Structure formats: structure tokens, C-alpha cells
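In the two complexes that follow, chain A is the common piece, with chain B as its partner first and chain C second.
Up next, the complex of A and B:
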């Protein structure tokens, strides 16, 4: 600090000389930072500080009132050996993969069906987007009610008419995670649909006509024209979906609390549980830090991959 | 090209009848799958005759607001008021702070601009779910647990509106700004009188996204709220238990109240919403 203070009076006259008396320019250099200051303060206090705090805490055994105890990397070795966490990572990865693939597939089919600019189609498109804007808590409560496991449950009585079921849905460890995925796909598919429709609208109609003239049937046109044109959008939907999938919490916590028998425990619900019940913030911080590192790694990898492909 | 192009329509016309029927059937199926569940929630919430345990109705048996008033008594009033307070404070601050930052990033050339943008985008990887536990400890140190600021301040800094607004403001022609500068306007004047009015559509987009983002908060209040006085709507909805007499009616009534504002905002500002969805996601 002392060094900085002594250099300032020296630097100021020098700058004034160089600018040749244009006194308006010096405050001008501060202007962008003044406009940025409020946002940067919020990001620093509520994003970066907690992230760094998490990294720091992960090196301690956190004990309220007793003082924290330095444990080095013990929380991380514990994390790598924790069978419950390993199971949670497995559920999270499976859930991310299936819900992203499922939403994209359903969203793509919806886009093909509802691409037309006609008015009634636009109304339908608006209507089926409603699940995507509804709060996840409301969606989860709704499906929790609809998927009531007994034969009187709404979905089960519907399936009963078709001669199927009654299915246990969320109440059985074998089907709970798959049921959660269906709910996620129901909510996210309309979102992917809108993005795919934007991609479809951008495709040159003449390409379709040219393909038809060459004798291509609908399936061949889809493979030769539509899918290649949508590839960049698909990449982005995929990345956003995977990152969203890694931090899944609300729908699982509301629908199953991670149960039955831990069958739907995700990384974040597990972290939450270790904090609330295990009362070990240091260990939770270590898991959170690993999750953050994984997210950053995945993002950097995909960006690098995208840049390399664009360069090709 | 036009002569050859005529072929395609003729080929379509031949099969139109059958294709249209299939299309309409698919439309109906899609509408059923995505809308019927939402409708059944409303029907059950307003049914006068309570549903049996596990039952969700397609048609209400008599219409009444009993479920709604029961939910209202069981904390929904407090939750709704608090959620609206958090939404008003959080959204106002979020939009204000993001607009100021976007002005600097889009209209000024300065050393460090690239790093600032990168840092802001990096926060995309730090949502509440990832940094929740340390955020809770940090808020505790600031004495903000179980307070409105504790629920409002963490949602203010969000990379998406900064990103969307920066992209939008970059496209405003420089001449407009220069004309004002020649007339002697300073940065604040240019910001409020030139850039801000032109950025209004993008501001609307950000408001829709910001509303939904703040309205849907769940983990943050779950960690921070400790007294019933501070409860939020999402906590009330998940806190209500299905009872033997009322079944799911009361909880679904609260869920309807949680759903309606988002849907109204979306339907009211739909055009802005779709534009933002594309500018936000297509460009990564």
C-alpha cells in the first residue's frame, strides 16, 4: 500500500502533461468502471466470494462454535471413496443424458409437427409452451399428484383403460428415476422445440425442392437437408442441457426427496442432505467444488471442441 | 426454378386429405399431453367436492374456492406477499444493474473489457445449486439469513441479461450517440436519453426471463428462510401436505397460484420472450 501511495503524486502530473490539458479525458477513463461497478459488486459478493469460500472450506472440517479444523485434502479423498456420492453421480449423469436426449428428440418432433406459420398452429405452439414457463415446483407437485401409485392415480387409471398397470412410478426404486426423467422431458421439450423451430425456419426452402426433384423421399430429405442444417443448434441445446442436468435439484427434491431408498439421489440433493442432516459443511463444500470444477471443465471442453470445428 | 417448383405443391395436393387427418390427430395428441395435466390441476384446485386421495380431476365436481381459501389460511398469503416483494426488489435491481453494465461493455472501449465479460459469463457456471452451501454461509456472515435482502441480493447478479443487453446495445448506431455528444450530453444523459429508450425491447425480454428466474427460486429460500414470516410461495406449495379430507386439492390450489403469474407474463410478453430465448441460446 505504501508503495502505491508514493507513486500516485508522481504519476498524476505526468499523465496531465501527456494529455496536454484535456482534463475531460481522465475522468472519461473511469466512466466504464462506474457503470460496471454495481453489477461487478453483486457478482463478486454473491457468486465469486461463495465459490472461493467453498474451495477454502473444502479444506476444513467445519464445526460450528468449535472452530474449523484444517484437514487438507481429506474431504476430497472422502468424496472419491463415498459410495453414496458415487451412486448420486451415476444417477445425475444418467438423468442428464436421458432427459437431454429425450427433450431434444421430443422437441425436434414437435418442431417438425408445429413449424407451419398458420395461425392455429401458432396458437397450439404457444399453448404447449406453457409447461416450460411454469415454475418447476408447480410442475413437480402436479406430476407428483398425477403419478399417484395406486390404481386410482390419474395416470394409472388412464393406463387401466388401456389394460396396463397400475405402475408404481415414483414409489419404486426401479422406476422412480425414469419417472423423474419423464417429468423433466415434459417440461423441457417445448423449450427445445422453440429453438429447433428457429433453426428450421432458417433452412432454405429451395433445398427441400431440389431434394424432392432429385427423387428424395421425406426421410431422405430429413437426413440430407434438415439434420445437417440443425447441427450447430443441436450442439448448443446439448451443452446447455448437460450443464442444466448436472445441477438437477428442485424436481427430484420435490418429487422424491432423493428416495425411495436413495434411488433418485442427485449430486445436489445429496450435498443438500449432507449439509442439513450430516451437518458437515466442509464435506458439502468439497462436493460443490468438484461439481463446479466438472461444470467448468465440460464447458471449456465443449467450447474448445466448437472452436476447433469452426476452424476446420 | 419456378417451373420446376410447381411440382412440389401438386405432389402435396394429391395426398392432402389423408395427411391433414393425421396432422390433426397429432395436434390433438400433443395438446392433450401438454395441456391436459395443467388443466387437471386447475380443475382439481377449484372442485367443490374434494378429490379422493390420489385422485386428480378432469372436471371439477361443483366449483368452489374452498381449497384456495384453505391454502390462503395455511400460509399462502404470506408466501405470495413475500414472493412479490422479492420479485419486485430483485427484478428492479437485476435489470438496473445489468443495463448499466451492458452500456459500458457495449458502448465503451476500455482495457479489461474482455476479462470483465469473461468473468460475468463464468458466473453462468455458478448457479445457486452449485454454490448454495457456501452462499448460505456467506449470507450468514453478512447477517442476511431469514431477511428480505438475503433473498433478494443473491438473484440480482445474473449473466444472461448482461449478455443479451450488451449484444443488443452493440447494434445501436454510433451516430446517434455522437450527435448527442456533439450537443454536449454526458454519459448519463446519453445512457438515459439515447441508449435506454432504444434498448426497451431487449429490456422487456430480460424482464420476462428475470421474472421467471426469480419466481422459480427454490433452493435459495429453502436454505435461507427460517421463520414462517419469511416463507416464499414455492416453499408454501411444497410445504402443504395432502390431507385425508382434502386430498391434493389444497396443495394444487397453491400450485395454481404459483403457475398463473408466469403464464400471464409469458402470454402478455410472448413475442419478447421468444426473441430473447433465441438470442440467449443460439449464440451460446
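Up next, the complex of A and C:
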């Protein structure tokens, strides 16, 4: 119900019915595109064109000052056989899965706790949202310092009082990736929280009242009313999180540079490394193209799965 | 309507996916050859130097003197850890600076990208004045010159003198001494705060720019190892898995894994973080270059540390030597670029680089022997020591290999992995040796 109320495209078919002819439909159809034009021009110049250029470059051994050499699909073949890239894909997939699930769960719980109009809750909500709007580099630098692996690192000092540690955090290949995930969840959960709050606000209160009258307890109301109503929102959070997870770069680069022993190397940090230390822009363009294809495929699959569930 | 909504949602999602996925941009596949015109293009000379903190000011002093003399304006750009990253991006965008001042170790990397110009030594005014040794750091394997040397240095051992006094210790004379002092610094509470919050040795153990192998090289050479065997005819084979390599690596690994005397964040640290560890009293010993005098004297450890020649290892007392080179890039201002290089090796510019800014010595040891280090630095004994160590113990990395940066990166990845997992040094070095041989093959200089 909430969804139907907020669906914008409803206006268009209505307009067609009223006007009947095609002459006045055109300017009407142009208007949204005009509004979209600045953003689309920006994306075309800085996103779409580079992606196409990247696809083109992936077919070459790129040497800007010596002339590019055509290599056909060799860069792609190499990508499928590259053990370092395979490891990076593994880390990225694990990182994406854990941090997306973690951020969603924490974000949802925060949303349930903080969905209220009272002033003190608003202040609390703003405070909790701060990590989401803080620059990732600053966040990562800060956590890097807090998580200093020695006994006197800030977090380890606290753990020390509880009789735990000192933990190696980012300095051990066994714990580095998990530590990075924790930082990511801390950063992204508030973002997910805001989207969930928006979803919660949109749920018709009458449904809760009806459920209460039927004798449903809090848990049953959550399961039968809240969760189903949040489905569309969850899809958006999931897709955004997945995309974010697949292209993870800044936090890893700042926290660990992909180390130790390559334990936190993600697809994008690996791509970055092949470009700037390996001077192999063609190969990294091939990896980027594969990443783009994977992202699109996963997005389409998620939507398809969601739509089927909704249709059922 | 439902379908429209779904379709538009798919479109939006696809758009989001495409936008969110990073695309590596490159530029056209055009390949303009280096300009050979005799007339320079107009505009200021773009100069990039690998420098941070106060070093840019020192470079600026040299550039100002150059502009005053020649009227040629300079547009400088400075950055440190990500220097090569930014340069590669500039090369990919066909927007290179005209002159680059950077480590000699990058020579092969730059040459293999075709972004630096070959240099005719006979046409560089003042080239004959420079020490012959300094030119060695500007040559490729064939002996062709691809840069003009600007500065040189060798690593020294920095030690907290107050910690030595507190624990009643003497500066180290051998590896055993280094390990023993490192242990004492770690366990003996040298800062007297009652907490076990100090470590013996500062190590930049990250793989970024090949830091860990760069640092380890000193111990490797001191055990008698060398990265490559020269098999004649410009061909080489890797030799890191020699007995000397295993000995040095085992000792190095034990500092991390058994003794636990290295700062715990080492494996992710570059020199920036490692400098900080020494400056803030986290670590008590640090093998680094004389450029760090200025950095350390500008921090709380000023006056609390001493500098000694690196103690000898089992085979010799070699220590990592490095050069800074002036690279003339494939640009369209070749004459002005050459003039700047010629000015930067004059005694005037070299002295400016040593003293113009107290907190930054961008010329560590001058390449121009007419400049006397001791007198320029007011007889600071540390600089006299730096000169002696460079002359007697300095050992360069194999900078002249076709792409040493790539070989160093592979070595770093292997060492970082070995230390992180506290693995078997012999096995790790065997794997690294194979990797280096395959890289030598890619670079066209593999034996056999």
C-alpha cells in the first residue's frame, strides 16, 4: 500500500488518458529528461564514457608513451587464471557478504530503536548517523590508530581491562579482513538505518492497530507487519550494499594497503595495484570490466528474485 | 503499471550499478614520441619532486634561485608515498611533468614505460664534475644514462641514547647485539612509564613501494647475499634463496615472530608510520637514511637519539645506499628541463639543497665533490659519519635492472607474507626465487 502511494510513474499514464493525442504528450515526456539531463551528462562524461573506454583498453597492453599493443582477449584469459585475483575475489565476496548482512542487521535494529519523533531521539539519530557522512579516509585513519595492535592501543587497552588481548587486529593475516569488516559495518550501518527508518515511517499505523486487536504480540507484529512492508526497502539496501561491497577500496587501502600478506586484497585494491605499481592499465581495465559485468548481473538477479517473490 | 515500475526500477538499479563500479580510465592509444624539437613550448616548466614536510620548501629555494638566474618559471608539485602512482596516472593521461626528481630505484620502471629521456652526458654542463660513482645510479644495464644524479645517501642506525643509558647498554656491534638491545628495549621498560609499550626495532614492513624488502636488503647483503647472479652477456639469474638469503631472512623473521621486538603494526606500515613510531617513543632503533636527522630533530626525540654506522652482519657491514636522480621526461620543454638539471648539480644548488631549510636536507650527500659536507653542515659529526658510511659500507639495490621496481615489489610481497605467517624462510625464498626468475624472463634478461 505504502508503495503504491509513493510510485511516481502513475502520473504518466493518467496524462495520456486525459490528452489522448500525441502532440501534447511529447513536451510532457521531455520534462523529466530535462531534469535528469545535468546528472546524465555528468554520468555520461565521468562514468559511462570511461567504462566504455575501459572496455576498449582491456583489449590492449597499454603503454601510453610507447604505443598500445593489441592483445585481444589475453587480459581476460589472464584474469581467469590469476591466483592473486582469485584470492582477491574471495576476500571481496566474503567482505561484501558479511559487511552487507552486518550493516543491514545493525541498521535495522538501530532503526527499530530510533524510529520516533521525540527530540532526544532525533539528536541521538543524528549522532549515530555521523559515521555515514564522515569521509572514509578520516574514518579509516582514526580506526587504524584506535586499533593499534600493541597492548597500549586504544581498543586493546579497553580489552585489557576485560582481560582480553592484546589482539593483533589489522596486523595479522588471520584477523585483518574481519577487522576491516567491523569498521565497514560501523560506518555503513547508520546509512542503512536511515533508509530503514524511512521505510518504517511509511508503514500504515492501522496495520499495527489491526494486528494488536487481533492479539499479535510485538514479535508477531514485527514478523507479520514490519518485515513484509519493508521488503522493497530491503531490496534497495541490499543492492546498494552489494555494490558498495564489490567495489570496496578506500577503507582497505587506508587501513592495510591490502596486507598483511595480501589478506585484505580486494578486487579494486588489486586493480589499483596492477595499474599503478604494475603499470598494466590494460589488465586492470579487463578486471574492471569483469567487475562491472558481475555487478550488473548480480543487480539484475537480485531484482528478478525480488520481483518473483513479490509476484508470489 | 506494475511492469513499468519494475522496468524503471531495473533501469535505475542498472544505472546505479554502472555508476558505482569503478572504471579505470585511460586515454587514447596515441603514442607521441618524445619531442626532439630544439624550441621549447611556452609556459612554466612543470617539475615534480618526491618530497613531504619541509622538503618542498627546500626544493622551492633551489627553483627560486634557478628562476632568478634564467628567468624560466617553474610550476612545482610535491608528494611522497603515492608519487609513482600519481606519475603513472599523469603518463596514462599524456600529461607528464617536464622534470621529475625521484629515487634512482625507479629508473628501470620509468624507462620501461618510455616516459624518460636518454641523456647524453657530454651535453650536460658540469656532468664531468660529479663523482663517477653517482652516475652509476643513473644508468641502465647497457651503461646508457637515463638520469642526472642529484643526491646520494646510505642508511645508518638511529638509536635512542637515553634508552641505552637507562638500561646500561652500549650501541650494537653485531646482529646479536642488535637483537639483544631490541629485546631489552621491548622488555626493559626503557621509557620508565611502567608499561610494556616500547619495542626494539622500527621496521616499515608494508609492501607499498616495496618497503619491506628495501629494509631487509641491508641484512641480506650483510649475510653475503645478492639478489642476482650476473651470468654474463647482460643476463641474470635470481639468487635470493642462497644460504646467505636464508640466514638473513631467518634472523629477520625471528625479530618479528620469536623475539617479537618489532612495532606490532609493522607489516602495514610505510616509512611515514615507522618514522612516527620512532619519533613518539614506540621504538628505540631504526635503520634509515641521513635525511631523517632533520625529521627527527623536528620531533620530541630531538637530542635523545644517537646515530651509528650499521653494525656488521655475518659476512660484511654493507648498508642500503640510495640515489636521488633528476629525470628529464618525455616532454616538450627539453632545453629548459636540461638547464634545470644542470643548475641542480652546481655547488650553489647542492648547498641550497643541504642547508636552505634546516628541517629538510633534500641533498643528503652531494654528488658534486667540490661541496664539503662537514663544513656545509657546521661540522655536525652525524654528517661526517653519513659520508663515511656511504663511502665504506654503501651498497646500492640493483637499480639498473630493466624494471627493479617490479622485482622489488615481488620480493616485498614474499617477505611480508612470510613474516605475517611466520612461515618457513627457505620455502618462501625458493618461491620468490622462481618468481624473480620469471620476472627476469619477462624483462628479457633471464639467463638460460
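Of note:
By definition in this document, the second predicted complex is superposed on the first by the 249 of 312 C-alpha atoms of A that agree within 3 Å, B and C clash if a C-alpha of one lies under 4 Å from a C-alpha of the other, contacts with A are read in each partner's own complex, and residues count from 1 in each chain.
What we mean here is this: contacts are C-beta pairs under 8 Å (C-beta built on N, C-alpha and C of every residue); 3 or more make two chains touch, one makes a residue touch a chain.
Computed from a prediction, not measured in an experiment: that's the story for all the values here.
Of the two partner chains placed by superposition, only chain C is touched by A:257; chain B is not.
Of the two partner chains placed by the overlay, only chain C lies in contact with A:307; chain B stays clear of it. When the two structures are aligned on the shared chain, A:38 is found in touch with chain B, with no touch to chain C.
Of the two partner chains placed around the shared chain by superposition, neither chain B nor chain C is touched by A:220.
In the superposition on chain A, A:135 makes contact with chain B only, while chain C stays out of contact range. Legend: residue contacts after superposition of the two complexes on their common chain; A:77 is shown touching neither chain B nor chain C. Contact with chain C, but none with chain B, is seen for A:173 once the two complexes are overlaid on the shared chain. In the superposed pair of complexes, A:277 makes contact with chain C only, with no contact to chain B.
In the superposed model, more residues of chain A are touched by B than by the other of chain B and chain C. After overlaying the two complexes on the shared chain, residue contacts for A:64 are found with chain C alone; chain B is out of touch.
When both complexes are aligned on chain A by C-alpha atoms, chain A residues 43, 47-48, 50-51, 53-54, 57, 148-150, 152, 239-240, 243, 247, 249, 268, 271, 275, 281, 284-285, 288, 291-292, 295-296, 299, 303 touch chain B in the first and chain C in the second.
Only residues 7, 9-10, 13, 43, 47-48, 50-51, 53-54, 57, 60, 62-68, 148-152, 166, 168, 170-173, 239-240, 243-244, 246-247, 249, 255-263, 268, 271, 275-279, 281, 284-285, 288, 291-292, 295-296, 299-300, 302-303, 307 of chain A touch chain C when the two sit together in their complex. Of all residues in chain A, those touching chain B in their complex are 29, 31-33, 35-36, 38-40, 42-43, 45-51, 53-54, 57, 110, 113-114, 121, 124, 126-131, 133-138, 141-143, 145-146, 148-150, 152-154, 186, 190-191, 194-195, 198, 206, 208-209, 212-213, 233, 236-237, 239-240, 243, 247-250, 253-254, 268, 271-272, 275, 281, 284-285, 288, 291-292, 295-296, 299, 303, 306.
On the side of chain B, the complex with chain A involves touching residues 1, 4-5, 7-8, 11, 23, 26-27, 30-31, 33-35, 37-38, 40-41, 44, 52-56, 93, 96-98, 100-101, 103-105, 108, 110, 113, 116, 119-120, 122-123, 125-127, 129-138, 153-154, 156-157, 162, 187, 191, 212, 215-216, 218-219, 222, 234, 237-238, 242, 248, 251-252, 255-256, 258-259, 262-263, 265-267, 270, 273-274, 277-278, 281-282, 284. Within the complex formed with chain A, the residues of chain C that make contact are 1, 4-6, 8-10, 13-27, 29, 31-32, 34, 84-85, 88-89, 91-94, 96, 109, 112-115, 195-197, 199, 205-209, 263-268, 270, 282, 330, 405-406, 409, 413, 416-417, 419-421.
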